[in-house]
Each structure stands twice: as C-alpha cells, then as structure tokens.
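Multiple structures are listed underneath, in structure tokens.
In what comes next, chain A is part of two complexes: it sits with chain B in the first one and with chain C in the second one.
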Partner chain A sequence: MRRKMISLILMSVLILGLIGGVSAQDLTGDDILDRVEAAIDADSSEIKLKMQLYNEAGSMRERELKAYTQDGEYDKALIRFLAPASVEGTAFLSHEKNNNDEDMYLYMPVLGNVRRIAGSQKNGSFVGTDFSYNDLSILGGGNYKEDYKATILESNKNEYLLKLIPTDKEIEYKFVKMWVKRSNWFPTKLEFYDTSGDLHKVLINEGVKQIAGYWTASELTMKNVQKGSKTVLRLDEITYDKPISERIFTTRYLRRY
Partner chain B sequence: MKFIKSFVQKYAKGIIIMTILLTVFFAYQAIGVKINTDMKKMFPDGDPVVETFDKISDRYGGSEYIVLMLKDRDIMDKETLQHIDYLTKKLEGIKGINKVRSITNIEEIRGKGFTIEIGEFIKEIPKTKREIQSLKEDVLTKDRYLGTLVAQDLEAATIISQLSPEANQKKVVSKVQKIRKEAELTEESYLTGSPVLTKAMADNMKNDIIKLFPFVSIMVMLILFDSFHSWRGVVLPIIVVLFSVIWTIGLIAWLGKSLSIVSTVLPVLLVSVGSAYAIHFLTRFYEDQKEGLNKKEAIIESILKVGMAIVMAGITTIAGFSSLGLSDLTIIKDFGLFTAFGVFAALIMSITFLPATLFLLKKPKHLRAAEDRKLLDKLCSNISKLVNRHAILIIIGVIIICLLSLWVVPQIKPETNYITFFQQGSEIRKADTLVNTKFGGSESLEIIVDTKKRNGIENPNFLKKVKSFQTELEEIDLLSNSMSVVDLLEEENQALNQGDEKFERLPGRGIAQYLLLLSSDDDDLLSDFIDFDHQEVRIRVMVASASSQQTKLMIQKVRGLIDDKFGNKSYDITLTGTPVLSNRLTDMIISSQIKSLLSSILLAFIITSILLKSPLKGFACSFPIAVTVLINFGLMGWTSVPLNVATSMIASIAVGVGVDYSIHFYTRYQEEREKGANLKEALEIAIKTIGRANYFNATAVTAGFLVLLFSSFPPLKTFGLLTSITMLVSFLGAMVVLPSLIIVGAKISDVMSSEDDISLRGR
Partner chain C sequence: MRRFKVLTLLLVLLLILSSVSYAKDIEISGSLNSYLVGNPNNGLIEEEEKVNLILEKEFGFDANMHLDLEFKSDANSSTTTSFNEAYLNYYTQNMDWRLGKQEISWGSAYKINPTSYFNPNDLTALKPLDEKLGVKAIKGIYYAPKGLEITGVVVPFFRGISLKNNAKDNVGDNVKNIQSGFKVTKRRFHDYDISLSAYHGRDKLPAVDSKANFIYPKANRVGLDIIGDLGDMGVWAETTYSDYQDEQFKNVIETAVGIDYKFDNNLYLVGQGYYKEGRTESEPRVKAANFYVSKPIFDFHEIEVTTLYDFESETSLIEPQFNYSLANSVELQLGGTYVDSAEKDTSSGLISALGQDRIYTRLNVEF
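The block that comes next holds the complex of A and B.
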C-alpha cells in the first residue's frame, strides 16, 4: 500500500483544494462523497510544500518537498525532498497499475540507486509524519469509495457532517467524521477514531483560497490527539493543469538529481 | 505516675468509652488501607535516581515490561506460532500496554535484488513443514530477535509488553494473567518482569497478613493463658494489642499511606511487642494481690511501681522504632514511624485502658498467675547462682562472642534483588531462571547518549562509537542482547544492498536518508531508540537477574565503559533501568543500617541514662542490648544471611524491644536496693520477680516472631527467626549479663576505689 503513497498525498491535497460547486438537496452520505470526489478534475499539478513535524514537546522539524502529479489512464506521481540538505534529493515515485495497485520506487542519493519498495504499511506513519497512508487515501478519494461507506450524521445550511465507516478490513479506524462545506463541497475537518472508538487524530484544513479556479487549502494540520504530536503541510507554489513531461515520472529521472 | 493513677481512678468509664470510640474511628479508616509493593515506593520522594528513571520512561513510552514466556520442545511450529500471534494481538488490546513485541509481529526490512520490503518478519504463519523449516533457518540469522524474542535453541519464545508510564500496573498484570488463562495454552507459560513481581508480591502479602495475623494472635493468647491461667490475663492484653493494630493501620490509611512489603510484619510485631506492657502490668497486679493487697490497692500500686518501668520500656521501644525513621528507604522509614505509633498506642492503653477495665471488673477468682512455678523459679534461681559464681567468666565470654561477631560483620552483604522475596520453586522463581538462561534476563539497562546537538546522531563517527560501546557492553557479565539505532541501520543497509550480508554494517554517510526511510514504519520502531530531534540515542541491554553484589559490579563496569567511550564533555549520558534502581537501594540500605543502628543505641543509652539519672546505669542497661545487636550481626555473618529491607530492621527492633528487659530488671533491682537490700539480695529478688515477667514477655515476643516462619517471603522468614533469636539473647542479656555486669562493676570499683566505700562492697 505504500506504493499508493505519493499519488494519495497529492490527491488529498487536490481534493481538499477543489470544489464540486453543485448545490443539492436530499443527498445521501455517499452522494456527498461523490460530489467531493468528482471535484477532482485537475489533470496535473506541481506543488511546492513545507512539511512541519511537531512532537508533543513542541519541537519542530521542517522539510521542503516538490511534488508532481499527472492523471491519465494510470496516475503517476513524484515527490522529492529539497531540504534539509541531509535528505535533499531523496525521492519517491509511484505508478498506478490496474486494480488500484501501484508500483513504488525510492531514490536515496547516498545509495545512488533506485529501489522498488514492496510491503504493506497502511496504518503506519508516512515518513515520520502524523499522516498514515490511510489518512491520505480517505482524502485522496482515489479508492475510498471501495474502502468507506458514508452516512449523514447532521446537516445545516452551511455544512454536512458525515460518518465514514471503513469497509476495508485493513483500515484500523473504527470510523471517521468528516465536515463538508455545502457551498463548495470542501471538507474542513476530519476526525479519526481508533479501533476502541477513542479519538485518535484530527485533520483541519485552513487558508482555503481559489487557485486557477480550484479551491485549495493552503495549510493542512493533522494532530495526533493521543500522542500530542502534529504535522502541518503548507502548500506554497501551486500550479494546476500545466502539462508535465512524461520523462519526470521515470526511474531514470528519479535518479537524476 | 501519680497523675495517671488519679486520672484512671476518676475517669475509668470515660477512658474505656474514649478508647472504644477511637478504635471505631481508626477501624473505619483502616478498611480503606492500600497495599503498594512497587520498588519505586521504597525511595524517598524526589530521589534523583527515580526521577531519571521516570523521565526516561516518559520519553520513551515506558521502562517497565511484562514478559510472557512460552516453552515447548519446538517453539517454531504452527500451533505455538498461532498461540503467540493470538496472545500478541490480545495483549495489544489492553489499556496501559504501549507496545507488544513478539516474533509474530516484529517488523524487519528485507532486501531482495532491487526490491526492499518493510514488513512483519512473519507475514503469514507457515503451514507446511518446508515453510516452517525455512522460517527456522531464517530466524537463526536474525540477531535482533534471536535471544530476545526467540531462544537460541528455539525452545522458548517471549511476548514482551511495554507498559506506558501512567498505566495501572496491577490491573494490566491481572488482565495479562486472565488472557493467558483463557488462551488454554498447550505450552508451558511463565510471566515475569517487574510489574509481575510487584503484583505477585502484593498478592502474597495479602495472603500472609490474612494467615499470620490470626496465627500470631492465637499464639500470644496461648502464651498469655499459660502465663496467667486466667481469662482476664488473656483477653485484656490481646484487646490492647488488637486495638493498637487497628489504630496503626487506621492511621496509615488516614494519612493516605499504604502498606509495604515490610508492613506484613507490623501486626505480628505489634501483637507480640505490645502485649509486653500489659504482661508486666498484670504480673505486678497479681503479685501485689498475692502479697495481700486488695484489688484497688493492687491496681494503684501497679500503676505507681511498674507504671514507670512500662513507660520507660515503651519510650525506648518507641525510640528504637523511630530510629528507623532516619532510614533513606521510605518503606523502612514509614514502617518504623508507624510501628512506633502502634507501640505508643499499646503503651497508653496498658496504663490507662487496662487498669480502668480492671477497676470495673470483679476481683480475680484465683491468683495462679503469681503462684510458684517450679520450673520457672528453678530457672531463675539457677540464673542467680550462675551469676553469683561466674560473673567475671560470663563477662569475658560475652566479650569473646562480641569480638567473634565483629570479625564476621564485614562479610554481611546487602541484597535488594526483588526476586529474593519469592520462594525457591515458586512460579516467579522458575520464570526468572528460565528468562535468565534462555533470554539473558527480563530487566534492562537503558543508556541515553545525548550529543547535545540537533541531528547530532546523524554523524557516522558518533554511531561507530555507539557500536563499539555496544560490543564492549555485551562483554560485561550479566549483560546481553544490546539494541540501538545502529542495529536498525545495519539491517536497513543490508536490505538496501540486495540483502547482501557484507552490508550488514553501519552506512558510512547519509544517515539522515536512512533514518527517513526507517521512520516510515507501521510499528514506530525507530522512536524506541532515538528522539524526535535526532539528538540522542537510547541503548538497551538485557540484564540477567543476579545478586546485588554482582549487579553493583556490573553497573560499575558499565559506568567505566561509558567514561571510556563518551567520557569527554561533548556528551550527556544517562544510565537508568530497574537494575540501577535496585543498586541504589543497595547503597541506601547500608547507610540506613548504620544510621538507624547507631542512633537507636545512642537513643537507648540517653533515655536510660536520663530515666535512671545516671550515665553509668544507662550504660549498664544498654550494654546487654549492644551485645545482642552484635550477636545478631555475627549470626548474619556466620550464616551468610544478607542485609535486606527486612533484616536491616532487626538491630533497631532488638534495641527498642530488648532494652526493656534490662530496664525492668534494673528498676526492680534499684527498688529493692532503695528498700535496703544488699547487692546480692537485690539481684536475687530482681531475677526472681522480673525474671518471671521478662520470661512471659520474651516467650510471647519470640513466639510472635517465630510465626513469621510461615510467611511466604523468604526474607521475612529469616527476619522472624533472627529476631526471635535476638529476643532470646536480649532476655538472657538482661537476666545474666546485666547482673554479672553489676557484680563485676562492683568488684572493679571495689579494687579501684578507697576502702571506705562500703556501699558497693555489700554487707
């Protein structure tokens, strides 16, 4: 599942950034998820982001990354570390295959070589952050229709509150609560509950603005309530729908840094 | 004493009602008393060693572990692996358990060609014989868990649960025990680890108290009956001591304190020691009546004459126990102070409640208590003869015994290993032996090396140092299976290089990149070994259970090695773990012993000197007890009884309780001298009368302590036996050594002083 990581983290960024823009009445939970999902229509993206990791004592580690995504018959994504210098150039590349499966490659400059990554890490931390692979997939929408079933818990004239229950046994959450804005189908907050039904993590999306016609959150904060740590993603330079060379998504390019 | 006499006379009923009301109050409090057997509770609040332990424990998700061990002819078969998998998952679900590690959930990084895989070592439990065989071959190459999760001989496996620092340990252990029971394992299974020991100790303690308290009460009642042949003589003293036990336990609960392992002794001790005051009072009461006084006169006479001696004896006993209050160990300190309170309660009740009740009761029907006892009287007269004839010889003999005892004192070794509190052959002991032989122990040392620089651990040279430190660490006795981030990096390096064993070594550069990949992990393995800022590494090494001496030596060696490798100013090193706590206790137990022993003897001397208004007399009374204490240490040295939390209290108890015999004896001797008897006559009367009370008292106390032989804690058994012997010795000290000393002292001053000093020469 690690293989889906890149595409999913980027998808998530997109999903949160985009609007569906359809007004609706008498929708079911799944319908709303459809709206949220359908809102992803950018073909490609190029994003520079800062990833800030905070521990429970408030200490912070910062990384800078550059990410490229390209939708197509099979989605592709590349994510590369730009800073700090000690990890600069480290990169992950993912190629979607059939059945929502992915090939995932890793490049470590110190190794000077590319390795394919195998194995299942659905519930673990993604490069030490508070985002797990699953958190990304719930946002990414790429496969979550197969993984979750949604019901409406509450709704008012501004927003819906959905309860998502995993249908995929591998997901170690009991349920997820998602607040979706009616005006732009933008999820503003998600709460993740662990297998014993205790609140585990909270995701908050802030600084929502329109970029190239798409709504985008410029700051995503994932708090691990149980550990006291949090991870903040700050999206700096965002370009949508600019054609990206196919060459970028090859293992040869991965190595070239 | 006159005040007490008139007070008791005037307010007899009031005293009785008051006593009962207070008892009801304390009994109500006592219901809520708690037991705490955690090793950390032995330390004073704010002890730096404990604070460090807690700090590291907080930072790394807990420093205490429950080890569940399975033993079978072949641990790597399908059935056992399924059991391990089942147990691992069940244990993970317990609140208070932070992490569970076993062979079925351990993660590893594999490299095959150009693919690397991070995942569980056993992805699926093998079904066929061939799969099992290949898994076996595989596990034998995995240094990281061979010897920690699976024994080298593949006959035992462990499931190790890390307790979160805020966990309710007792509850967690109970749940683990329940899960183990429900699993209906076909393998032998054992539980160990400090939380398990702590709980087992609390369980044993409850059983001990429930068993020993009634036992000692009945024992003392039998002795009382034998002494007084009357119901009154049995019931009144036993009520006094039961009340004092209730008051003490009630006070403990009221102050929010808890019963510790040594508190098991408390009821036993109060019953046997506290009954002494009532015994002395009643003996005099019966004696006076036999000599023709009526009931009321006898009570008044008893208060006036023996009351003072009882108060003196009580004060020295209280002082003896209070001297334990100087101990650095909280459990000994609390025990000493609370027992002192209990003795105080028994004392007060013996001179108020007891006579007040006697006032209200009818005159005793018979006075068999004061009747001649052929055997006892013969014993007393024999003592008289012996003392008269061989005083000098006795004193010389005593001095020789003292010197012999002093000779072996340096051989006494302190012992604080918790495992010694469990009987040989008990489940805990078996588990301990097994975990020592198959896995190198259940306890661990933690060494935190702080580079004082952010990302300081990403320096390959530093990591090389850590590696060589680990290699040398494992060469130290008792230590094995060290683990640090170095081991993870080596494994990763091998995986990234096509699984080639040549690359199972530290990467020479780019550590940050290796760590980045490692931090992507379901299991959060990395956070066990490094901090968030990449500033420090944590090295864990398993420690075999051993004697406190061996542990001390091991810790000294580890400290030496730390100085050697990281000795300059660029690093901050923290060394902690349960063996460090235990070692600190070892140091504290010696200093505590010296402090409380010296202060108790000094206090006994000062108090007797003040009460008898002469330092010389004070010395005479303290001498036999000093001898007793020396003999106790001599016995410990000769029989290799270690100095532990229990045996380290014997000296103070001996001083506090034992000096009473001398005080009673000396006051009676003095009383007779004041009446006009000469030295010889006075000694004879004192030996005869006080001998009887002292004998009753000594048998009650000795029998009381002997009850501890039925305790489930070996150190308490030893404690009971040694204290009993000490009590007999101090009885003999008062009855034989003290009169001999008086005679010898008189002879010496006879020779030294001028001829006109008639008083000491006798008439």
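The block that comes next holds the complex of A and C.
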C-alpha cells in the first residue's frame, strides 16, 4: 500500500474517467472501484497547485507546489515547494517499484545536499496538511484491490455510496465511505472513520471538469472534524500525458533550483 | 543609531536592487534574524541582528549565479558585511560545476558529519551545528549511469574554525596548503546510498602542538558514509580515518551512527551516537549520545528538544525550543540551553562549543 508518495497528491486531482456502456445494475462494490481506478490512467502529469492550511482557530498558512509524475517500470514523482519563502526550493523525489519498494529523497536548500529519507517519513500528515499519505493513496486510486474491500451501501440514479474496508493493516481507518457519480465514476465525497468508528475526516471534491479528456477536481477540501482544521487544495495548472524528461526525476534535478 | 544606519543602508540597497532586479530578471530573496540571548549566570543580555540578501540570476538553461550577502551587527556595536556564499553554477551534459564561495555538504549523519571536510562550523552562531562558513572552491559533480555520482572539490584557501582571541592561524595562502577531496556515491544499492570519500588538507578544528601553539594539523582522510532503511526506520553510519603527517598527532577515527523515525502523530525522533578519538594525549576523547525530538502543535507551531551527553567528560546539554509561527515565513523561536558537567571547567570539548547556559529568542523572517 501507500504507493506513490507524492504522485498521489497529483493523482488526487486526476480522478476521472467516464467509461460508458456499462450495465450498472450488476456491478459490485469492487467493480465500481475498478471503474474508478481504471480511469486514473494518465501516463504523466505536470501540476501546479496551492494549498491553504487552516487550523482550528481559523488561522491560515499557504503553500505553493509544482509536481511531476511519470508511470513506467518505476512510478516516479517529484514535488517542489515554490512558496512561501521559508520552504521555497524544498523538494521530494520518489521512485517506486512493485508497490512497496520505494526510494525517497529530500532536498533542502538551506542544507544544500540531497538526503535519502526513510519510509517512516510517510507516517503522519503529508507536509503538515490534513491529508495523510494513505488519504492521498485512496484519492489517487492507489491499489484499491490490494488495500480495500468495497461493498455498495446505497445507490440511486445519480450515484453509488460505497463502504471501503481496509485490508491493509497499515491503513489507519476502520472504514471509508465513498460517494461515486454514476455519470463519470468520479468520487465526489469521502468520509474517513477512525478505529473507534467515529467520523474523523471529510473530503469534498469540487469544480469537477474535463481537462485533456480527464475528469479533474479543481478544488479539494479535507476537513478534520475531530480537530477542527481543514486543508484546501486548489489546482492552478495541469498538463496530462505530456512527455517529461527522465532527468526531472533524478537527484541531480532535485539540487537544481 | 548604529542599527538605524544599518537598516537605512539595507533599505537603500533593497530599493536599488529591486529596480535592478526588475530590469535584469534578478531574483531577490533573503531573511532577517534578530536574536536576544540572556545568560542566567551573570544576568547579561546580548543582541544580534543578521540580514541575508540572496540574489539569483539565470543565464539561459546552462548557468546561474547565487549571491548571499550577509549584514551582521552584534552586541559589540560592530557591523560586518560579507558574502557568505557567492558562486556560479554551470551545467553540462553530465556534469555540474560550482565555482566560488560555497558550502559543501557531505555526510548523512545528523548535524555532526565526520565527512564534511571543507567548511568550518560558525562557532559565533547561536546554533553552531546549523551554520557553516563558506569557502572558496571549485566543485564538479559527474553523474554517471546507474545512480553513480563522482564529486571532486578543490579549495585553494584554507579556512578553519576561528582561534580564540583571533590568533593568527599561520596557514599561508600557497599551493602546499590547497585542500582537495573526492567522493564516489552509489545510490539505491540494496536500499542504501553508499559514499566513499578521500581528503587531503588540514583539520578545521585547531589542536595544541607540543610547543603549546594552536595549529591546524595536516591530514589525509578517508571516509565511508551509508544511509538507508531498516523497515520504516532510517539508519546511517558515517566514519573517517585521519592520517596525520606530523608525528606528534595520533591517527584517529571519527564516527557517527544513528536512526530516525516518524510516528503517525507526527512525532519525529532522532538518536545518534558519536565517537572521536583525541589527536594528542591532552585532547579529550568524545563519546557522545545525541537525541532530538520534534512535534508540531496546533498545526503551525512546533516544539523540539535536543539533548547531548558526553560519556567521557560526563557533561550533558539539553536544549528545548518552541517555534511559534506568526505568519507565513515569520517565526518566533523561544528556547534555552542548560549544560551540566561533572567537571568544573567546561570550556573545552564538544558540548561547550555548542552553547553555554542561556535563554534566547530569535525572530526569523524570510522573504
């Protein structure tokens, strides 16, 4: 599980794909997950986005990111902070093979060197936001079949409500509820329940539109209802399936800022 | 008045540079740091202001320039202006060059790096392990296939850790004092990055010779640096062997071995052991354990604690710090350092170099 460290945040805005002509009546929960997952098939992406982090007191901090992803023998991702000044230039590089063999590197301009970082850096929140790395995985499509078992709780003419139960013990939730639109297999809302079964976080996807043939949410809001904080991701620019030089995904490029 | 002049000068400089940058695409960034340090033993409070202006300019896709201009005013009413770094990057097909005053960061250990051969730590800084002094150097990194990197460095002019009372270091600027080193790094070798390095030059840390003079001993060094994963835990080991040309100094080993781990609640832990033999009979050996803990609180703020214990001198240091985020890129740090030693004289050794009893605040603004 936990594949695609950073690419996941990018993939989170990639949830897409209308697969037409399918008879919805006979679908199981896992079939629907297949539809969502199969739709996330861009070979590469280049994304610029803004993050707004709100704490329970309503104070806000902003971050700006640029990210690249590339699928292949290794799934590769590079994400770099553009703002604010205190983190500008800081960058992560991830190379992942076989879903659990992952190499991650961190570059911090103030230290001036590229340092390998361990898997535990993915524990906790993603760069101080209300997203955990596992949240990003579920948003990005991850490996649903490996990580979750899905059942249909409800359905109507517009959408399905699924219950996802983690099969990977490292996922920190008891279950997740996911609302998926029938028209484009796009998840519009997710609720994350903690190990006690209490609602922990809620994710809303808004501003869904087609970009280069892919359905994309231009704004994602994750609320931590237990803590009172929230994180808003706003997509500024996105390019899909444009060839990205392999040199971008190197420790050499990490330094080059 | 002094500070007013410094700030006026900076303002004028910023205005000039802003207009220049608009015209010539020079990017300006930087930081302002204001310190207050109180000594609970004698009641004295010291202040320091530091402004760093960073100017960057791209020359197409193949080259860029980086200048870090530092203005510093301290408690002695002295104001200094210097380039902490000033270098040109030049990129070719498989090789990156950096020419000029720069920091060369080698080593994977936590803040104490035996293979960091070239830049001395700035012992006048509030946190000496966090700040290094730039050296004039030529550095080239060759990127070979399969994650192999070969780095070569030449430093024409020696710069060591400052001697007490500004004593002259007696290291002349001539060819025989040129320092050089190289490093070969293999990345992703069975989940580990491995570096082998070699160095010819002088120790940055002065030693007392048989005639009671402070000197920077000449040495040849070889080093090994390994970092990787053990499960989800980060592990590293960094070690050097120093061979001294002057027989009055013993050849020594310096080693740092550590682990780090981040928990689901964002608690981050570092544990590290450090060992260094004394170069002379009178120089103490260091056998230290270093721990670091940090945890975000209320989302934007952070509390961190650094501890260090030297088993040889039975000296310990504890340094808690609270980082309060006032706004984007504006942070107020509140902290204190407490040193406890079995020996009355703590003026020598690793821990004394890192700080004495004190409480401090630091306002950091980055732009």
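The working rule: the second predicted complex is superposed on the first by the 239 of 257 C-alpha atoms of A that agree within 3 Å, B and C clash if a C-alpha of one lies under 4 Å from a C-alpha of the other, contacts with A are read in each partner's own complex, and residues count from 1 in each chain.
Definition applied: a residue touches a chain if its C-beta (ideal position, glycine included) is under 8 Å from a C-beta of that chain, and two chains touch if they have at least 3 such contacts.
It should be emphasised that the depicted structure is a prediction, and the values quoted were computed from it without experimental measurement.
Shared-chain residue A:Leu33: touches no atom of chain B or chain C. Contact with chain C, but none with chain B, is seen for A:Asp103 once the two complexes are overlaid on the shared chain.
When the shared chain is aligned, chain B comes close enough to touch A:Thr90, but chain C does not.
When the two structures are aligned on the shared chain, A:Arg256 is found in touch with chain C, with no touch to chain B. By the document's definition of touching, of the two partners only chain B reaches A:Val127; chain C does not. Legend: residue contacts after superposition of the two complexes on their common chain; A:Leu65 is shown touching neither chain B nor chain C. Common to the chain B and chain C contact sets on chain A are residues 53, 55, 57, 59, 61, 84, 86, 111, 113, 115-121, 123-125, 128.
The residues of chain A lying in touch with chain B in their complex are 2, 53, 55, 57, 59, 61, 81, 84, 86-87, 90, 106, 108-111, 113-128, 196. Interface residues of chain B, counted against chain A in their complex, comprise 93, 111, 114-119, 455, 458, 496, 507, 509-514, 516-517, 519-524, 526, 532-533.
For chain A in complex with chain C, the residues that touch the partner chain are 53, 55-57, 59, 61-62, 84-86, 88, 95, 103, 111-113, 115-121, 123-125, 128, 132, 172, 229, 250-252, 255-256.
Here chain C touches chain A in the complex through residues 29, 31, 91, 96, 103-106, 108, 141, 143, 149, 187-188, 191, 193, 227-229, 231-235, 260-267, 296, 298-300, 325, 327-329, 331, 366-367, going by the rule given at the top.
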